[in-house]
Structure formats: C-alpha cells, structure tokens
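Please find one structure pasted underneath; my questions will follow.
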C-alpha cells in the first residue's frame, strides 16, 4: 500500500509544486482532481497528443505514482440533486446535468486509462437524501436505486472498456452511505468488478458506523482509501445529533472533520 | 398534564368506538387527525353548522378532552418535498401543494378554535433534507429557512387570529429536527407565541440527541408531547448507522420505533 | 433479614398509625427516630418506669420488630459543625453541643438496651468537610480523626456497657463517607465491635463509589441497612458535577435522591 | 493566546532564572505569585519607586509577557475557613483574616496595574464547603453567597479603579466550583466585568463536570487559563469516590493531578 | 414459537407432576432429559413396545408438545475429556466412553423419532478446552476438529436416518463455543442439515459475545433455544475475569447464571 | 526499576549481539531463556567450571544486569497437559514429563544462583484448563491445586536452597491466571517467599481483568514484570468472545497481542 496525497487540498499551488512538496515529505503517490476547471488536471489536455505522457513523466519524476483520479462533483450530478443545488457544478436542466455528469465521468475513466491509473474516485449522487425515511413516499429510495442502475450501469460499461474501476465514496447525502447500501449496490450492479468503494472512515463514523465492519463485509470491493478523520464532538452531539446542519465552522456542531489522529477514527 | 391517545393509530375503528375504549383504559384526552379524508375528523364537517359542538359533546361525553388536532401530511407540503414524494398528499405542482397545504393548516386552526382545542400538531416539511450537508450547495439550508419564515409566517398569522398554537414535531427529514434548529426557528419566527413544539423523544434519540437537553433549552415552547419510544439497535447500528434507509420491517435497521418503555428513551 | 420502615418518614402521623400501616403493607420491622422532640419516640419516656415495655408491646402487637433507633442529628453535633449550622439541633457553644450530643447518643443506646434493640444508627458529624482537600491546612483531616477517636470512643464505651452497637451511615459531609474512611475508622477504633455501619447505597453512588465494593470490604461491620436510592442525573451532572449544592428541588442538580428502583443503585 | 509558565512551580529558583528557562523553552508569558513572602514577587517592592518598571523590564528582556498575578492564599481567607485552617496564611481572628486578605487582594490589583498586567487570578474562599449539602443548615450556602457579594464586591470596586480583572479559579472547596455556581456568581455580582474566571480543566473533571460545558456557558467570563490535568483513577474511584480525602501521595486516591496529557482532560 | 420448560430442572418431581405444573403455568412444551438413569425419561422404555406412544399421550394430555430430547452428558464424552473428568457419566477407557456416548446419542435420536420429536439437544464435548490457546501445541484444536468430523459425522448419519436434527449448545468448555467455531463446524460438517444449534444466550454473553451476532450469522441453523440468563458481575469481573473457576456459589465470581431477566442478556 | 529486554525475542541472533543492541538502545537489563536447546543460554554450560562467571562478565561488560532466567516450557510440563500437547517440550510419559520439568526448573534456579540472578520466571502448567468450569467434574480444579502444592512445593524447596524466587506468569491456560487464583496460590503455598508472580498486563486484560487490581492485591508478590500489550479487538470480540481459538494471524480474533502502547493496557 502506498501513502498518497490528494492534491485538491492545495488547489492554490501549481501541481508540480505540490508534487515536489509531497515527494519531499515522503509521500509515494498522489490522487489528482479531475473536475472541470480545476487547476491541477485538465482532462482534455491529458487526452490530447502527448498530454498524458508528459503529465505521467512529470509526476513519475518525483518518484510518485498516481493512485486515482478524483471526480466527486461531476459524479454527483448523475443522480442529483438537480436545480440550484448543483448549478455550481453544471448549470442546466436535470437532463443536461445527467448528460454532462455521465460524459465527464466517462472522460475521467478515459484519462485514467491514458495515464495508467487504475481507479477513479467520486460520488454517485442522490436526488433527495431525505428519502432514507420511508415517509411521505415509501418508494422513493427504490426509485433512486433504479436510476442508479440505469445511469451508472452505462457509465461503468465505458469504465470496463477503459479497464478502469470506479470507487464510490460512501458518505451522508449519497445513495450509498453505509454498509447496507454498499452491499446492496454491489448486488444491484450484479457484482461487476468496475464497481467498488473509496473507503473513507470519517464519513462512516459520522453516522455511528464501526469502520471495521465496512472493511469486513466489503473488503474485496475497496479500491482506494482516504485517511480522513472526523470527531464526534461529545459535548455537542447531545444537542445537535449526528447529522448537524450548517457551516463547518459552527462551534456547536456534533460532528466535524479533523486531521487524522485527532478525531474518533480508531487508527490503531 | 393529561395522558391522551392519538386516535390515528386506530383509523380502522370509528372515532366514537376509539373514544369509548380510550376512556375505558383511563386515558384523559385524545389527539385527533385532521388531514383530508381521514375517517375520524372532517374539518369541513366541524366548521359546518353545529359540527364542532356535536363532536365536542360526543368526546366530552366520555370524559375526554381534545389535546390537539394533528395534521402532519398537509403541513409537510408547505415546505416540500414536491413532485412524486408528496403526490399522495396532494397531486399537483409545487405551487398547488404550497397553496393547498397552507390553506388546510389554516383550516385546521380554525377547526381547533371551533372545538376549543389550543394546539395543532404537525410537520413543517423540508424540500431536501440532504441540504443539512453544506455541499454541493452551501446556501440550501438558509434558502429553506427563508421559505419557512415566509410561508409559515403567513399561516401563523391566521393561527394568531384563531388563538391557536402550532406545535411542530422535530423529526429527521424536517427543517426543524434538533435542538439547534429548534432554537433557530424560534429566533426566525421572532419569538412569536404561536410557534412551538410537539415534543417526541423517539425522534430525538434517533439522532443521538439527549432528550433532556431539548426540554432544558426549549421548555416553554413545548406545547404538546408524544410518548413515543425508539430503539437504537446496538448490534445493527454499527453497520447501518443512525439513519438507516428502508422499510420499518427490515431486520438490519440500526434504529426502529418501539412501544414506550421498550426503547432507548430514558423514561425514568 | 427483615424488611422495615423508617417511621421518621411519617412524622406527621402517630407512631401507632404508622406501625399499623407498615404491618398492613407487610413490613417486618420499624426503625424509630430518637432525636429530641420527635413525636414518635421520647427517650426519657422509654427509660421511665414501664415505658420501654409498653412501647415494645405496642409495636410487637403489630408483629413488628424494632430494627434500630436512629439518631442522626444528635450524633452530628459530637464532631460538628458548630455555630449556626447546628443551632437547630442544639443552640449553644461548641462545648455545649459536644456535651449534649454525646449524652443524647448514650441515652439512645440506653433506650435501645431497654427496648432490646441491638443497633443505633446515626451520623458522627464532621466539623468542616472541606478538609478532605489537603489545602490550605493539610492536617485538618487528621485532627478531626483524633477528635473522633476521643469523643466517640467514650460514647462507644457506654454502648459496650449497654450491649448496643453503633451503625454510622457513611454520607457526604461526614467524617466517614467512603470505603477508605470506613476502613480507617475501624482501625482508629481498634476494631472494637460497637463500631460499624448503616449501609445506605444512595449515599455511596452519590460520590461514584461502587456499592458492592463497600460490602466486599466492610461486610462484617454492616449492622443495619437503608434501602435508599439516588440518581446520577446524566444531563445535569456534566454541569453541576457530583456534589451539586442547593435545594433538593432544584431541577439542575446532577444528583438527587429517588424512590428505590428509580435511581442508579444496582439493586439486582 | 500566549502559552505561559506559572513560576510558583519553581519557588526554589530565582525568578530571573525561571524566566530565562521559560524563554529558552519557548514560553511566551509568565504568571507570577503575589502572596506575602514568596521569593518571586514582593508586592511592596513592585509598588515602591521604579520597582514595577524594573521588574517589567527584566521579564520583557526575555521576551516574556506577564499574563497574570496569582494570589490564591490571600484570596482564600476573605471567605474562610478561619481558625487553624488558615493560620498558615494569616494568623489572627476571623476579622483579622478578612481584613488582611481583602487588603492584600487590592494591593495585588494595584501591583498588576503598575506592571500593566490585566488579570489577577486566585481563590475566593469558602468558610465551610460541607454546606453544599442542605443539611443540617439549609441556609448556609446562601449566607456565604451574601458574604461573597459584600466582601468581594468591595474588593472588586478597587479592581475597577485599577482597571484590573479578577479571575477566580473554580475548584472543590471554593464557593464557586461548578457551572451552576459560576453562573450564579456572575448574577450575584450584577454582571460586573471585573468578575470572571481562571479556567482550570483539572478542577472541573475532578467533580465529573464536562469542561466544554463550562466554556460554552461562561466563555466571555474566562479571563485566564491553567493547563492543568487530572486523572480520575478508574481502579480507585469506585472505592474512594470522586472527592477522596488525604495526601496527594496516597496511592488509593480516586483522583490525582497529573502532567497535562496524562490525565482525563480531553485536550484534543 | 412455543415456550417450554426443561423438566430436568425438577428431577426430584415425577415427570407427570412437572407436566401438570408446566401446563398450569401456561407453558406449551417440554424438553425432556435423555441421559442414562434420569428419572424423567428412560430411552429403553420409550423404545420398547408402546412406550413412546404412552409417553406422548401423557404429555399431549396436558396440551404440551415435546420440543426436544436433551442429552448433554452422553454427547460430552464423544469428544472428551476422558479419564476421571467424565467417569461420572461413563466409567471406562477413552474408547469405552466414545463408544458408549456415540451409541447413546444415536439411541436418543431413535427415541426422538419414536416420539415425533424433531430435535435432540446436547454437547459435543472437548478433550482439552485449553487448546484454544495455540501454545504449547498449535495443532491441538485442528486435531479435535478432525475427531469431531469423524465421530459426530457417524452419529449424524444415524440422525439422518431417523429424521432428527442435533442441536449443539455452544458453551465454554465445548469444541463449538462462539460464532467462529459455530460457522466452522457447519463448514466441517459440509452443511448437512442434521447439524445445528441450541441457542443459549447466557453461554454466549459469558464470553463477551453479542448474542444478536450469533443469530444474524447462524440463524437458519438454530433448531432450539434455551431462555437462560447470566450476569457479568461488574464488581467482580475486574478481578476474576470472564472465565472464573470454581463453585457457582462462590461470591467473588465475575460471571454467574441468573433467572431470565436478572442477568446481562438483552431480552428486549 | 530497570528496563530490560527478553532476549528470546531474538533467538536467531547470537546472545552477545543481542546484548550489544540492547545496551545501544538504552536497556539496562536482559531476561535470558533457560529452556533446553535454546541458543542463548545452556544451563549445563553455565553450571560447568567458570561458565557462569564468563557469561556474567560478557553481559556486565555491556552495562546490563540479568533480571531473570525464563523457563516457561519446562515449567509447563510439571502440571501438564501431557500427551502430544507437550511432546515438543519433552517426549515421554506423564511421569517422564513431570520428572524432567521438575529437574529442569531446579537446574534453572541453580544456574540463576550461579549467575547472581534473583528470579526465575515461567509457567506452572495446567493439565486441563477446561476444568475452570465445574462440570462435568466439579473436583477437577481442586485436584490440580493439590498437585500444584505437591510438585511445585518440592521444586520451591530447592529454590529456597539456592536463594532464588520463582515468578509464575498468570496467563489463560495456566492453573494461576487471575487475581483469585493468584491469591489462592499464595495461600496454598503457605505464604512462602519463593512463590510470586511475573506481572504481565496483557495476559490479564485478555480476560477482562483490571491490571491495577492485580497490583493492589498481590503487590508484594510481584517479583518481575513483562511490558507486553494486548488488544481487545472491539469489532471482533462480539463474535469470537474473549478467548478466541486459533492462530495469532487469524484476522477475526477478539484478542491479539500488540506492541506496548498499541493495545488495551492502560500504561499511563
């Protein structure tokens, strides 16, 4: 296993600088952002002429591997929400968003292939996460599962062509967010190998899930991992509960993301 | 404090039978459903001629008070979600739903007034509960709060005229669901007395909230109460987390509602 | 072991009425208050003529035994505090209080002897409980222990003469209040058999002591027991701590006494 | 926020040596002891001629600020206990002690002003901490609160003149020792700004208080802080309880102070 | 599911009396002991002439079903221990014990068949339970597993012939005692349907196993159940650990069996 | 107290190399293995001519003391198990094993004496640990205790002659494994000073014992210590319980040994 750095944390710094720093700190890999307009990686550039080759060479020159291309925003809009919630990712109708998101995810896989990167990480989206509660519409979740099979099935067909896997990151506000929905998604996708997970323990303890249970039950489907931490803030959680709303800086939140080792993830 | 029965649990039995049974069991009050088409109470009947008088007489005849009229479904559609999620409550466009929901809630207050009932209980709704998470649209929650102030402000103006209070039931999938959002809503409503809560401890422990904290911080805003219980299912919660999706009968759920005393609510 | 009732809970009812009620409820014994002026038992009456005989006959007539005479207030003033804190028990100088308290405790033993009661329960007192903390005067606790040996030693000499045991009730604000001080007191008293304890679990969980530990380490010194319960009030204790000050009715207290079975004592 | 060193930990070393050491270790501030006879700071010297100027210069020369003057012992005797408990601080009658303590605290403020130090830390005292329990004298605590208002009110008037704040350190055996008494003291002092707290988490976990609750409810009254730690000793606390008496070296204590990070304070 | 009584608890009472009592208390079934010499059921009698018919008639006459025949001791000696440990069950050499135990278990199945009882409960035995620890002989456990397959395989062949299932009761000191060994045994037995479990939650919490996990993972192999309870004795377990040795009456044990509802099994 | 290294962890390295490394890392002592055939220490060599002198000189040359000779395997066979379980230690009959084990332990003491080492560490053995459970043979444990007294009594007589103490390491699968059996063994040995313990906290938390309780109750009998750690693996223990069987590498084990600081031992 290689220890890597997700360069999107340093979008204000040129990619080569970030790689230099990462290599200097002993990292062995980088995960690169792939969404439109990000300053670190332009999918079209990668796919044009010797773009992939040049990029791979630069990164390899620092002794680094590319562990994954990450495209969370453009994956999100495949299943929604639509409307203003995702206008910042792609302005347009529901249909526009689905089309754009799907095409961009395929292009991300194509670029991964060109770069020799085995995995694309991201989100699958979720039109209305409130449907986890079976009222007022008990079929809401099943409807979204059907859309997941249809839309992501087509995308994964292309991933299969490119020999690239997709690693969804289970997370609150995603169609797949716990052990049950993860197992269900594997079943819905017929066990196809292009479908797996980016294991991020912080997103799981968020909801009171024991991260080892996810590993035990999904282990051969974990294709990538984020060393992210989160803290269940004991003196707040009894007021705000497990899924507090609002800004990350709000002091009263019962959950907040933390630097690895300072949160509630049992790293040992 | 009177101990009452929410008659909506027995919609397949005639209201008078339910009242008879409740009185026989020693209950002192009933909470009556007010949504369209329910077989226990028709708002239009109540408001027509001596309808209210007759109903009050029948119930009083069993030595029972009416603690509240309950209208959760028609309150829900004031803030959404819209579309198919709430077509079962009111089929129509977003605007249709808002209009219908608002009018019905006002009519519920009018009927409460006619019956001498001080409180209407219900839900305020929530267009997309997933917006508790500040990505992909960080202003989503604030937008919904604004709509809450506008739409429910107008409804509460009418409640004020009728001398009736509204008691929202904090619950997952509602705009107001924890201590923080409850305090915030009081502030958003400018502290007006028509706005308060139906305290239901099961909905709070659901999210890991300590129910006594809700009482301590909102006590003079609690206008009604439900003695509902819920269980954090220890051997499941580490897999499904605190907000499991799916059917109530699914065995693997980390949370399920229970008969009072058999769940995790600390009744003592 | 007999189950008894401490009649001091019903000082507004005549003793005989209380006995009648207790017998009717199935109690097998009563514990009688012995402090001056209490309406249930007057030590001087008991010791005069056939007083003891008459009282014993009345109580025996209801099929009840007397498990103990209780004299907490007059035991308290043997070791203090003095001044206004105990003027309600005995107005006077420190010396007056010590003398009065000592004499009354001896008289309680004498009356117990006359009634054939094997145990007197009570408190030993504590001049300044704040001395548990070794600053500003590190020898304060040891000084009080010395006074305990001197004053209570003399009292227990008389108990020995009367063949009666004293059962101190470990409690916050007493010189003996936990397992350590209980063991130490046995040692300070040279292991004399007149010295033992009235085991009251509520007073121990108060301070986070595991009641079984008290039993395991002091078992042959437990001469009497109170089935009292207390609750560590979870939502308050994190604010007021384990030793909240103020009135028992104050809602914010982190500890309150409760009816047996409704508190934190593990009765099973 | 500056990280400082309380020099009273090194009373056997000359102040300048301590400052040198502190600066060398990267500390940014010092808190100086102000009680009579301590070898680091003599209030009379500071207030004489250019005493303050010279001291400030020496300390500033090491790049250090003075965060506070600390005077716990002489604050203690303002509210007691009196008698032998505090003869080590000031020998004399109750009245002598109150007078001396009050004057010394005022002089400490005067010296703080002369040195440009914004805060004096200390204890307010408590005549008999056992009064937290409402028996045998239920008005005992209220009496002490009244004395607090009278005596410390006068002292704080002088603090106001000198533009210095007093930061009481909540602690067992003090009149103010938990969240409730801290809030109450702010109210008793009419909200005056000279009255606030020296936040010391070890003293709070001692009694099972959640330190974050103190911060949440008193935050704008915290004028200074001690990074002290304490350990609830799990294998002892079930025997000795939360407020064990006796020497700090006694192995069986259920609570002991520890070096920061080795105790039960949640520093993260 | 029927609620039954294991008559072996009342071996000093005639079986018919026990059945009468059980029926009177509302039980719906009985589990009968089958080991040699027990006064309730003699396998040879059952298998002789109309023995089975008569017994079934008597029990059926009280409205009771026979849920299972229980034969723990004679199952135990199939896998040991041998020597004096099991001389009380069958005196003889290791080979004698294996032969006797195997034959008796087969006969128990035969009698179950004759009585129309679907299940035999019991223990499989374990030569040396200390082999759970892989030192000093790391292959010890695997050796015992092999013997289990051989000896119990033959016994279960006969069970198959009689159409009866065997329900082993996982328990400390048995080859199958936790979720892992239970799953492993199903695999070792090639999934044959004659092999399953008598679910006894007390035996599982004994070792800190969550009983629901056993149900989740072995549910279709649970053929019978014991409503037995056990208590992890909190004030002892930290001294004696989870597997205390010695007599059940020893007060210091960290675990003891209890009446259902008074132990640590989460019945709700 | 000296910090030492148990050289048996590096049996593939020459003893002198290990001592060199240990000294370089700052260790102050070594514990040497004494069982037959180990490459670090040959008891016969030590006892021959100047063997002890030479070894002591070499080790002392690196500034190291010898804290103990360790002989766990040859102690084990004194009490068993016998048969194939311990053929790897000594092939032969039960009597052979007892004789060989006893003689080797005596020789270990003799060598310790020759080297000036005050303690021998090891195991006492246990014929069948399953006898902790009082069925099927309730006298099994008492029988083993009797053998312990007889066989180890004779061995300790020799230890007494050599002026060396034996420190048994309480451990699952040993006759002495918790606080109760440790106290009992001291009693069985009549309090003789040659009998004590090698305190190894990992072996105690294994069974849910609080290590401080062992220290509190046996403190003057702890003659040596191992800084070993172990982890109660939370996500597994609910399935495999506290005493999982099988290989140390098996991922599903509820307990595993860990590097000090990474387990569940409370080192602080």
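Each chain gets a letter, A, B, C, D, E and F, in the order it is written, and its residues are counted from 1.
Here is the rule we use: a contact is a pair of C-beta atoms (placed from the backbone, for glycine too) under 8 Å apart; a residue touches a chain by one contact, two chains touch by 3 or more.
Everything numeric here is computed off the predicted structure, so don't read it as measured data.
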Chains contacting each of chain C and chain E, listed by label: B
Most distant chain from chain E by Cα centroid: D
Centroid spacing, where centroids are CA-atom means, of chain D and chain F in whole angstrom: 51
Chain centre separation (chain A, chain C; CA means) in Å: 66
For chain B, residues contacting two or more additional chains: 210, 213, 235, 238
Graph class of chain-chain contacts, one of line, ring, star, complete, other: other
Listing of all chain pairs that touch each other, if any do: A-B, A-D, A-F, B-C, B-E, C-D, C-E, D-F, E-F
Footprint of chain D on chain F - complex, ascending: 210, 212-213, 216, 266, 268
Chain D-facing residues of chain C, complex: 73, 76, 81, 84-89, 126, 128-138, 140-141, 143, 172-173, 177-181, 204, 206-210, 213, 217, 237-248, 252, 254
Contact set on chain B toward chain E in their complex: 231, 234-236, 262
